[in-house]
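In order of appearance the chains are A, B, C, D and E, and numbering begins at 1 in each one.
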C-alpha cells in the first residue's frame, strides 16, 4: 500500500524530528499537541506558557518565565541603599508602595530606627490605595481574559480614581518611590482626605455593579465555578500567597500575623473563603477591596486628627535647615537630607515581609556596613504563585487556562524581577 | 432618453441582480456591517464609560472609523506564509464571503412575485440549507493556515456547528408548522399586526436568536476566535485584505441570518402591506427598508451583548445548546405544531 | 514574645542536627551540614513549618563558600506563622552540590531552579533542574556570583572643559 | 479591634439566580448605555493641568546651584550627571575654579524626584509638562543650556483646553474645565 | 498525533507546483500602479493608515500598565482609531513597553518580522530608550537596536497622555510624509538593518 517515498509513521520515536513538505514535525508524545502561548499572545502577558494538550485537555503546563527578568538582585548590589527603592519598585509599578515597603522596613531594621506615627499612617494610606488599584487591575485583566470587555474597562476606569489619589499624594501616577528609610516623602495635600472619602463612597457603589455584571453573571459563574480548585492542603504545600491562599481557606495575611506599620491599630477583617476555586479568588479580591476601603476611612479620620508633624525620623529631620521646613509647610514635600545620597547602613542581616496586593513579599537584605547592600534577595508574590500553572492547570480544558491565569492575578514582571 | 433611464433602472432593479448584489445582498450587507461594527464599538464604549472611535471624524462621532480600517487593511501588505496551502488559504475567505451572501437569493423582501429573484415554493428550506455552508470554509481557512491556533480554532468552529445547526433549523421549523408552508412569504403574511411569531412562540424565537449568536461567534459564544487561547482562531495567519474579507464575511453571515430571523419571527415587512400592482417604491423599496431596519435592530441587540457578557467555554456552550436550547427549540416546535393543528393562525 | 516560642519549637525539632545559630533581624537561622539537611528539613516540616518563603543564596568569595538559606515558616499554625526560621547550608564555591529539598517542600521547586542558574548550585534529586529565568548562554555564567561584575557609571559626564568665562 | 480573619463562602447559585443574574447584568449594561458615565479626556484638544506637586520634567536654576553633586549622587538611573568646567574665578582673579553643574539625560530619567528632593537649595524643580515625545534619541540628552529651559507641554502649546479632575461620590472622577466652577455632573 | 512546527516566513516566490492562483506579485503590482498612479489614492491610504494604527498585543515590560491605562476609559486611545489587536499579522504598530530583556528581544524581532508593511514602532519609557534604571543590567537590549523605532517617549512610566501624544505625532508623521503611500509606491523593501543581527538575538530560541 505504501510506496517507498511515503512516510512511515510507525517506529517514530518520541522526541524525533522529521522533515515533511513545508514543515518539520516532531513527535512529543502519544496524542499530544504542543502549543506555545506567548510571549506575543493576547492571553499570555509577558511570559510564555508551554501547554501540551490531549484533545482539549491540558496534560502538561510549563510556565516559561524570565521574559521580564531585569536582574534587580544583581543591580542592587552595586547601588546605594536609597537607589534600590526605585529599582525594586519596577517589579510591580501598579503596586509600588506595597512592593518597596518591606525593603525599607528591612533597611530600617538594620539601622534600628522606626518611623514616627504619622509616617506609619501615611504608608498605610498609600499601601491601601495601591492595594485597591492593584486588585482592580487584576480584576480588569481577569475580566478581559474571560472575554468580558466591560469588566476590563470598568475596573481600569475606577482604578484611575485611586491612581489620581496616589498622584496627588506622591506626585507620580504609579512609581511613587514613597517610603524612604525613616519616613515618607510627602505629606497629604490640602483637601486630600475629603477626596479620599468621596472615592471610598464611589467605590462602594461600584462594587455592587461589578457584582451584577461580573460575579453574578451566569456566564462568568459557569466559567469560574469549580475551575482551578486549590484545596487547602495543596495551597499550603505549594506555598502560594495572598488572595489565592485565602481563597483556599488558609487564614494568613501578613497584616494580621505580623502587623507592620500601623496595621495593628486598625480595625479590619481578613476575608477567607473556603472553596479555593477561581470564583472564590475573585470574591476574595472584591471583599479585600471592601476592607481596604474601611481602612482608608479610618486612616483618613486618623490623619485629620493628627498634627502635621512626624513624617520623618528625627535622625534625618532634626538637623534639617529652615529651607527644608519651609518647603514642607508650603508644599507638604519632605526634602531628603544630602545624607540620603550616601546612606551607610550598619552591618547585619534582615528579613522583612509585607502583604502586597498579590500576596506576601519577602526581602532579605544583608549589609556589610558599606554604602551598598551586600545582597538583596526578594521573593515576589507572583514568583511564588507561578507554581500554580504547573500543578493546578493540568487536567483542565484549554479554555480554562486564561481563567486560572487571571484568577491567580499573575503579573510576570513581578515574578521575574 | 427616458427610455434609456428606464432601461437602466429596470436593469438595476432586476431582482436577481438587485437582491443578491445590492440589497439585501452584498452592498447593503457591507453598508450595514460597517454601521454595525461602528455601532458595536460605540455601544461598548458607551457602556464602558468612554468614547470609542472619535478623532477620525469628530463631527460624525467617528463613523468613518471602519472606512479607515477598511482602507488600511486593503492596502497593507498581504502576507502569505510559505507553510500555508496557498490556494485554500486565498480561496476560503472569498468563498466564505460569497456563500454568506447567497442565502439572500431565497429570502423575499416583498410579497409581490415580481420582486423575487427566483420564485420558489420552499424558500425557507433553501435559505436554511445555504446558511449552513459557510462553516465549511471557515474550517478550511483554519486548516489551510497550518498554524496550531488556527487548527484549534477551526476545530472549535466544527464543534459549534454541531451545537447550533439543529437548533436553528428546528426553531425555524416551528414557524413553518403553523403556516403549513415552507414559503417565507406565506410565513410573513401569517404574521399580521402584533401576531408576530416572536410573541406567539417566544421559545423558538429565543432559540433561533441564540443559535445565530452561536453560529456567528457573537458573545457569549465567541469561542472559535476566543483571543485569549487561540489568538484569532482560524484567522490567525490572515493579514491585509484577506483578513478584512474574513471579518466581513463573519458579520455578513450574521446579517443574513438576522434578516432571516426578521422574516420568520419579526413579521418581515409587516407594518407595510404592498398590494399587487404597487410600484417600485411601495412594492419593493419600502418593504426592503423595513426588513433591513428590523434586521439592524436585531444585530444591534447582539452587539450590545458584547458589552455585557464574557464567553462560555466550548464544552459549556455545546452542553448548553444540547441540554437547554435544543429542548427549548423542540418545545417551540411543539407549540408551533399545536398552533398548526388548531389552525389558530 | 511569640518569636521566642517559634525559635524554641525550631530548636527542639533540629536538636542534634544544627551546628550553630545565627540571629538575624526578623529571622533566626540554624546552620546545618550539607549531608544532614534533608533530615533537618524533614524535622522542621513535621514540626509544622510547611512552606519555604525564600531560598536565599549568598556568595561569599572571601570564605570560598556559597551559603544557601531556606527561610521557612508556617501557614497552618498561626503561632509559627509569626516567626521565620532559616536553615543555612555552606557549600564549597568550586563545586556547590546539595540534596534538593523540593521533595519535602514543593514550594521550593522554582526557587531552587533560580538558585541553580544564578549561583550554579546543583540540587541533587530535583525533579526538573533547568534554568528558569535566564537564557541558556547567560545561565552558564551564574550572574549573581560576586565575580560576575556589572559596572556602575560615574557621576561625572565627560572630561573637564576649559572655558574663558564662568558658565 | 486588631485585624482578624472572617470566613465566608461564595453565595450559592441556582436556576432562579441565573435568570436574575442575566437580567441584572443586562440591566446594569442598559443603565450605562442610557446614561453613560463618561469621563474621557479628549487628549489633544484638552489636557490635564497637573497639580503643583507633580513630578514632571526637571529644570535647573543655575543661579541657585551650589555644585554639591548630591543630585548626581542620588540619581538611581545615572541620568543626572555633573559636567565640569574650568574657568577663571571671578572672586579670586587669576585663579581657576572648577565649576560643576548637573545635566540630565531623559533617555534614562525615571522621574523619581530624588534629585529635586535632595537639592539643598531648591535649584532643581519639576515643571508640569508630561507629554513630550521625541523623534530621535540625541535630543533627549540635554546640555547645560537646554537643562535650564522649561519644557512646554505640546498640548498647551497647541492651545488645548486645560481641565482638571475632581472627585465625586456618585460618578467617581469628573472632568471640569480649569477656569470653570467645580461641580458634579 | 504529531505537532506541526510551522516556521514563520514572509511570502517569498511561490514554490514550484503550488501555484494555483496566478502570479500574485504581478497582479499586486498592477493594482498598485492603477490605484496610486492613475487614481491618486495616496492621500486616502495615508489617512486610513493614520487613523487605523492597531498595536499588537505584545507587552514587553511594566510600562504595559500605562499602555493598558491609555486604552482605559479615562484616556481611551480608541478615539484615535487605535485598537490593540490579536495577531501580529493584522496589526501595523508595535508599542515597546519598557525594558526588553535578552529573552524578549528575540520575540520582539520575530513579532516585528511577522507584521505586514507599512508598520511603525513606538518606544515607550526610559528602559526602552537607554535602559532607564536598568542601564547597566546584563540581561537587557536596547529596543532600537532590534527594530527601527519611529517615536520615543521618555518617562518611567510615561503618562498615558504621553503615549497618546506619540500616537498623535505618528499620525501626523504618516499624513505629512505620506509614509504608507510611499511604501506602497516603492513596493516590497527590506527592513532597515538593525544593529543586532537576528542570529545573535535568537541563537537560543526554541519554538
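Just so it is clear, contacts are C-beta pairs under 8 Å (C-beta built on N, C-alpha and C of every residue); 3 or more make two chains touch, one makes a residue touch a chain.
What you see is a predicted model, and the numbers here were worked out from it, not measured in a lab.
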{"item": "Labels of chains that are neighbours to chain A and to chain B", "value": "D, E"}
{"item": "Inter-chain pair with the most contacting C-beta pairs", "value": "A-D"}
{"item": "Reference chain B; chain at largest CA-centroid distance", "value": "C"}
{"item": "Middle chain, criterion being Cα centroid separation", "value": "A"}
{"item": "Chain of greatest Cα-centre distance to chain E", "value": "C"}
{"item": "Where chain B and chain E are represented by their mean Cα positions, the distance between them in whole Å", "value": "34"}
{"item": "Whole-Å gap between the CA centroids of chain B and chain C", "value": "62"}
{"item": "Intercentroid distance (Cα basis), chain E paired with chain C, Å", "value": "42"}
{"item": "Centre distance in Å when chain A and chain E are each reduced to the mean of their C-alpha atoms", "value": "30"}
{"item": "Numbers and ranges of chain A residues touching at least 2 other chains", "value": "23, 33-34, 41-42, 66, 69, 71, 74-75, 78-79, 86-87, 150, 153-154, 157, 160, 175, 213, 217, 251"}
{"item": "In chain B, residues with contacts to at least two other chains", "value": "47-51, 54-55, 82-83, 146, 148, 227, 231, 307-309"}
{"item": "For chain D, residues contacting two or more additional chains", "value": "25, 28-29, 38-40, 42, 44, 73, 76-78, 110-112, 173"}
{"item": "Inter-chain touch pairs (all)", "value": "A-B, A-C, A-D, A-E, B-D, B-E, C-D, C-E, D-E"}
{"item": "Residue ranges of chain B touching chain E (in the complex, touch as defined)", "value": "41, 45, 48-56, 62, 64-65, 67-73, 75-83, 85-87, 90-91, 146-148, 151, 227, 231-232, 235-240, 243"}
{"item": "Complex contacts: residues of chain B adjacent to chain A", "value": "44, 47-50, 82-83, 146, 148-149, 152, 219-220, 222-223, 226-229, 231, 306-316"}
{"item": "Residues on chain A engaged by chain E in the complex (per definition of touch)", "value": "12, 17, 23-28, 31-34, 36, 39-42, 45-46, 48, 66-71, 74-75, 78, 86-87, 90-94, 137, 140, 153-154, 156-157, 159-160, 163, 173-175, 413"}
{"item": "Touching residues (chain side chain E, partner chain A) in the complex", "value": "1-7, 56-62, 64-66, 68-69, 71-74, 86, 88, 99, 101, 103-104, 107, 110-111, 127, 133-134, 136-140, 156-157, 159, 207"}
{"item": "Chain D-facing residues of chain A, complex", "value": "79-80, 82-83, 85-87, 150, 157-158, 160-161, 164, 167-168, 170-172, 175, 177, 185-186, 189, 194-195, 197-199, 201-202, 205-206, 209, 212-213, 216-218, 221, 225, 249, 251, 253, 255-256, 259, 263-275, 279-280, 283, 287, 321, 323, 327, 331-338, 340-342"}
